[in-house]
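So that we are looking at the same thing, I have put the structure below in structure tokens.
By letter and in written order, the chains are A, B, C and D; residue numbering begins at 1 in each of them.
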């Protein structure tokens, strides 16, 4: 990498259960777009893909998130290298 | 039994645990004395035997009673044929 | 039979299997095992002897089980209580409850233990280095039982 | 290990014996088994499939066990949760707690179940006559977990 270049911030995103099925995707790698620095802005970005993404991630839908395997809210910051997961409310036990 | 005779009212009394040991008796049959018609008056009668009976059954000592195998208080009535038990507070489980 | 008083040990796994008996309505099984500790009130305990009131003990336990059934939505309940002489780590008492949902199973199981502790005629005598002594009833057990009334 | 996520079934009797491991300080063993019911929300269930988030599930369960240990005076705790496809009457989850006294064992066991239900990443999908469906989270489970905070 030459001086002055910025390294692309890549995150890994995982989807589980109903979300995994509706989005037809269990995981992806994403270069964090400019201005996407927390869970909430990442959700907004994904929603803009339209279709199932807009439906399943619509505000008001019960979507839970984890950053690096910790339950997190919309304000949780994210950065390159993070593992971010989206899923419905859990139903184990 | 001839007319005019009254049948003796006999009760069986059981003693358990600390009481059984202190009174050196696990059970006895007793002809209910005149005026002894409830658990409280039976306790008073037994207490008058003195010695260990006076000590172990003294008012204020934690003595529990059962009449016919039901937990009972001092007011519970007793009559001939009943099985009455005295014992310390229970400590099972 | 929902209630057993016995000198023999019990097998919690086998008792749970028997109580469930393939009943597919059951979603929750709560159980409790009381065990002899090697320490009580600060003293080493080498042996524990349980005395009971034959006849009344079974009757009292069955009444407590009937109360649990009327208070909570359980399918079944089992109480096994041992008598005789036991050693530290020996099992004393087993309570199992089955229900569709966990809240009812837990509450019924804890209720059974609390009521059994204060309402069933058992008495413990323990062997300590200073000799043998009757175990005193605990105010904390009375308080636990009062929670349910 | 206090936490296990596995497809295999478990043996409650063997797990209790292993957790007690002859520890004579233990006076109380509380346990809970969650079981697949043949009915949910009014519909017959023929099969239940549990999905989880490998890595995070174990981490979340270990954190919940650590919380239980810090809140209650327990000696040990075990959580086993199955994943994969199960049938009615199959065991899903096992929680065991050991303590000197029953109150702490019961509370820690119930706390573990309540927190696990709302905080550990598992998802259930059930097969009914109308097809397969994801099980919805229950407000009653959230309410149960809030009791402890």
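Note that a residue touches a chain if its C-beta (ideal position, glycine included) is under 8 Å from a C-beta of that chain, and two chains touch if they have at least 3 such contacts.
Here the structure is a predicted model, which means the values were calculated and not measured.
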Graph separation of chain A and chain C (steps between touching chains): 2
Could you put a whole-Å number on the gap between the CA centroids of chain A and chain B? 76
Which integer distance in Å separates the CA centroid of chain A from that of chain D? 28
Centre-of-Cα separation between chain D and chain C, whole angstrom: 23
What are the residue numbers in chain D that touch two or more other chains? 34, 102, 113
In chain B, residues with contacts to at least two other chains: 93
Throw together a list of every chain pair that touches. A-D, B-C, C-D
Chain D residues touching chain A - in the complex, by the definition given at the top: 34, 50-53, 55-56, 59-60, 81, 92-93, 113, 116-125, 134-138, 141
Residue set of chain C touching chain D in the complex reads 11-14, 16, 20, 22-39, 88-89, 100, 102-103, 105-106, 109-110, 113, 144
In the complex, chain B residues that touch chain C: 14, 16-18, 62, 66, 69-71, 85, 87-93
